[in-house]
Amino acid sequence: MQVGLTHFLIVSALLFCLGLYAVLTRRNAVAILMGIELMLNAANVNLIAFNKFTAPGALNGQVFALVVITLAACEAGVGLALVMAAYRNLETIHVDEINVMKW
Amino acid sequence: MGVNWPLEIGRAIALTVVMFTFLAVVTAMLGVLLERKIGGWIQSRLGPKHVGPQGLLQTVADTIKLLQKEHITPQAADVVIFNAAPLIVAVAGLMDWLVIPFAPGAIVRDLNIGILFFAAMASMTVIGILAGGFASNNKYALLGGLRSAAQMVSYELPLAVGLIAVAMEAGTLSTVGIVNAQIRNGWYILYQLPAFVIFMIAATAEVNRVPFDLPEAESELVAGYFSEYTGMRFALFQLGEYAEMFAMAALATTLFLGGWSGPILPPVVWFFIKMYAIVFFFMWMRWTYPRLRLDQLLNLSWKLLLPAGLLWILITGYRIAF
Amino acid sequence: MVELAWLIPVFPLAAFALITAFGRRLPGEGAYVAVAGIIASALLSIGIFLQMLGHPTPYEANFRWMLVGQLPLDLGIRVDALTTVMLLVVTVVGSMIFIYSIGYMHEDPRYSRFFAYLSLFAASMLLLVLANNLVFLYAGWELVGLCSYLLIGFYFERPSAARAAMKAFITTRVGDVFMFLGILLLFFTLGTFRFEEIFTKVSQGALTGQTIGGLPTLTVAAVLIFGGAVGKSAQFPLHTWLPDAMEGPTPVSALIHAATMVAAGVYLVARAYTLFFASPGQEALLAVAYIGGISALMAATIAVVQDDIKRVLAYSTISQLGLMMLGLGVGGYTAGMFHLTTHAFFKALLFLGAGSVIHAMRTNDIKQMGGLAKVMPSTYWTFLIGALALSGIFPFAGFWSKDEILLEAFHNNPALFVVGALTSFLTAFYIFRVIFYTFSGTLRSHDAHPHESPGVMTGPLWVLAAFSTVIGFVGAPFLGNPFHAFLRFEGVEAVPFSPTLALASLAIAAAGIGAAAVVYHWKIVPAQALRRAAGPLHTLVANKYYLDELYAVAIVRPVLWIAWALRNFDVYVIDALVNLFGLAGVGLARLYRLMDTYIVDGLVNVVGYAVKGAGGVLRYVQTGRAQNYLLAIALGVIVLLATGLFR
Amino acid sequence: MGELAAFIILSVITLASAVVVVTSGNIVRSALSLVPTFLGITGLYILLQAEFVAGIQVLIYAGAITVLILFVIMLTEGGTGLRTRQVNEQVPLGMLAAAVLALILIAVFSGTEWPKASGSLPQYTAAPIGEAFLTSAVLIFEITSLVLLVSLMGAIIIARRER
């Protein structure tokens, strides 16, 4: 049996849903960030898989994947900086406890 | 895809065994011995002298001793991570060697992303160190791990900048391709002297050697991230470190000193002569310079090496384009 | 130099602005700034005077103010001989008074404000003098009035001062209304405000034959403008404010009510002399002469019976201004202006001397004083020089100028010459009455400790005394009367000097001094007896001819009664109507309020309650936690995908 | 056959370690499990003949982002040694949503007939990618670099200790 596009897509779908689960259920802001990284990776797998199987002539998918990786690095940097700032000011990084702006 | 998978896997296992043995002997054991001998020489003393002729078997004896020692796992440690950390460091150190060409054809795999692969693998070491520092559940180890992470992440950038400059000069990421380009055009230390300087400084920091040995500064943090490690795990950390250091030396040889090229002598001999010259340089530095402070270290990377490296890339790009 | 003339009023104006803004933080609490301003103006005036002496060409500078229809309105300044003389008088005398004030006012809590007012006054007066048109002149005129109000009422916590200020302001305002009417009349008939154009047109006969209400337009205009002069120069019948104005600080009396402001009236007549001269039959000039004569004699008689030193000087001022008017009225243009100049110096000197005396005695009553000659020699000698100048004794300033006026009167209108001569006699009498009461004999008050004034006060006295002594020689006939050569009205020939008349006037003055000495120094004829002999006449004079009372009955009472009546009308008729409307409104409002409360508010409240209830339910959806929202989004995505998939 | 085996092994590594990432009660283990996840994905990239992206994936994700995450964990909660509840009350619903979504996606992916491609990827991808970044994708490249710069400064400003 040949490894086809669908295989990669299913793996990425599972990875994406695992990431979504982390984002939905984790209290720790860093864990949520990790979930987001998983989702981004899943998206990257999709991009590269589509690139190979549907449009191998151009490398647009890989280019996009690289852009996504760069932006993921940005997101991680800023997100973690926010976590640090929150921890310093509120002494917690649990998102359900960070509620000083509520009401 | 005409890949013969069983053959490939078999070759990979065989090569790994060969490389591991080679590294254990050539880098770790010989490296430790060299370190002590050169240290003795620079400090006008004898160094190890009694085990074997001129103390040549000293590290063999030490290795046997380490192999026999008990594995102590601290009670509050995170056992899984604690045990995994030395392996990560050692494996990352070994992976570097995959792309080093010792002589024409004598390379594990000539990847077309060779030096990118090298940089990626070098960066993996940090995770092992950080994990080990955390899992020990010891404040010295944790601080050492954090320092190491900060330092290595910072110095990866100048290192990568040095690599990029060379890649631009050669027009390829493959290490074999770079050596061939040097055989054609002359050693890159001539064209890329600033990149070489930046690379050497960053490499010294990347392998946590004096004057950048803050993660394991004995006088401040006992032994840094591997304070709690004993026996063979400790030896694995050491192996990883020495493998990394020798890999850096080998890469410097490959990128800047023309790799295996040289007259009369066989290419492999030339390669090892150059590599050991750079190893000697690392050791020379160790016994010469004092340790930097953490803020000085980070300032050096972010405020001097990185801007200088970017400027040099600009100059190189201009030279190549016009 | 003359191009810089516009700077002359700017200096004191800048001083005023500075003192207003920074007050006590300035050097000398503002006084030095004010003095510096006026001295700068004085120096510039002297420079311009010297230049004009060489080339007496009038200088004019204009700028376009606005267009009235097609008619351009140019405003500007004019510097000619008349202006130069006035500038000199105002700035030089003003400088002396400013310096004197440093000493006189130094304990006053509103010290810097005083200098601000003084500076503003000087600026206004200089603007008035420099104006080449009636608008600027009127502006300066009103500003001068305002400053005089502020300065007379400087001690506004004293009711009498406040009342005097009000009286001065309102009385002069009566004259100003006439003047304003005159200006408008001229503008509507001639279409310009500029003196030069007005005079040119009048000389060319632009108004000849025109009448307004049966009277010749030119005469009406001239007399209306003279109305302003009457008010400002305190001529009969608007003279009553000036004696009361003595409530202000003495330097103010000296500056405003002797040397400069009241001179503005005379200056106005001189400036507009062409109008008066050109009026048919010179009726306007005649009016000026008679008003002047009446004022001169009346004020002189009142001055004789006053006991307040400053009031004596105030009436003296009215009298002397009357004399100037008389001089102008009988054709003595140069004589009037000459007397204005000399009078400014010696009257300022007298006022400042009086101020020095008051400063020492802390009372105005001459009957409380006596024997001050020994205590205050500087004041005594300077005051004596001023008195001699006022009386017209050779060689002091007053002799020359008064003699010229009497000469002109003798030639042109003998009746008025008699008035002038009588005034002259009375003048000498009353001023030496003051001197004998004040400086000779012994001190009558027992709780006063007089002392000589400080140098900053006596210094200006001596300077003014020097001027009073020598300034007359600029009009001396044996020197060729250089003043007349410099300043004269074309078309009127000066009457040649007559030694006989000069001797006569000298004799009249001497007689006045002698009479005063007989009564008040040697006391050969006691004052009591004289007063009893005069009888009802004395009573009449002592009550100032009952003019204040007459005004009270004739004008103030009716006005007050009308005001009272109108007030009653307001209170009982208009207010009642307004209240009626108000009550009706309130009643209607009550009605509307019921509707608002129960119908409109009810509806609004229903909406509000509904929204509040809905919000209370829905707010539980808003947890403020991103993960809840994300879950909702995920479920929503699932629903959308599912509907898309299984449709 | 070998390719399928490699694919299966890599997928299992990836997904198993991703499960550890999202379920582990120990946040440090979660973070460390990211490493095999990313490395497994790297392997998938290599299977997809995207060596350059694979190298970058290791360098950025495994080498940098994971280190950063570990760093922050140790500076915040991980460094305190406290063990607190790591999940919120949405676990059942979240699990349901994720599972249903996964099922739907798998159903969609399996049921779709993707277009077949002709041609093949170039032998060496690094150079064409570089060319694409400097020609057709230059705008994306520039904007991304700008975003990188801005987020770098933003991160520094946010994380800096306020005085």
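By letter and in written order, the chains are A, B, C and D; residue numbering begins at 1 in each of them.
Here, contacts are C-beta pairs under 8 Å (C-beta built on N, C-alpha and C of every residue); 3 or more make two chains touch, one makes a residue touch a chain.
Keep in mind that what you see is a predicted model, and the values were worked out from it rather than measured.
By the count of C-beta pairs in contact, the leading chain pair is A-D. For this pair, subunit A with subunit C, the centres built from the Cα atoms lie 90 Å apart. With each centre defined as the average position of its C-alpha atoms, the distance from subunit B to subunit C rounds to 102 Å. Rounded to whole angstrom units, the spacing between the C-alpha centres of subunit A and subunit B is 32. Subunit D has its Cα centroid 94 Å from the Cα centroid of subunit C. Looking at subunit C, residues 627, 631, 634 sit in touch with two or more other chains.
Residue positions of subunit B in touch with at least two other chains are not found. Annotation for subunit D: residues touching 2 or more other chains are 3, 52, 56, 64, 68, 71, 75, 88, 90, 93-94, 97-98, 101.
Every pair of chains meeting the contact definition is listed here: A-C, A-D, B-D, C-D. Listed in rising order, the residues of subunit A touching subunit D in the complex are 1-3, 5-11, 13-22, 24-28, 30-31, 33-35, 37-38, 41, 44-45, 48-49, 51-60, 62-63, 65-67, 69-78, 80-85, 87-88, 93-94, 96.
Here subunit D touches subunit B in the complex through residues 1-3, 5-6, 26, 28-29, 32, 35, 51-52, 54-56, 58-59, 62-64, 66-68, 70-71, 74-75, 78-79, 81, 123-124, 126, going by the rule given at the top. By the touch criterion given at the top, residues 20, 23-25, 32, 95-96, 99, 101-103 of subunit A touch subunit C in their complex. If you check the complex, the residues on subunit B that touch subunit D are 1, 3-6, 8, 78, 80-81, 84, 88, 111-113, 116-117, 119-121, 123-124, 126-127, 130-131, 134, 137, 142, 145-146, 149-150, 152-153, 156, 160, 173. By the touch rule above, subunit D contacts subunit A in their complex via residues 3-4, 7, 11, 14-15, 18-19, 21-22, 27, 30-31, 34, 37-38, 41, 44-45, 47-50, 52-53, 56-57, 60-61, 64-65, 68-69, 71-73, 75-77, 84-88, 90-91, 93-95, 97-99, 101-102, 105-106, 109-110, 114-117, 119-122, 125, 128-129, 132-133, 137, 140-141, 144, 147-148, 151-152, 154-156, 158-159, 161.
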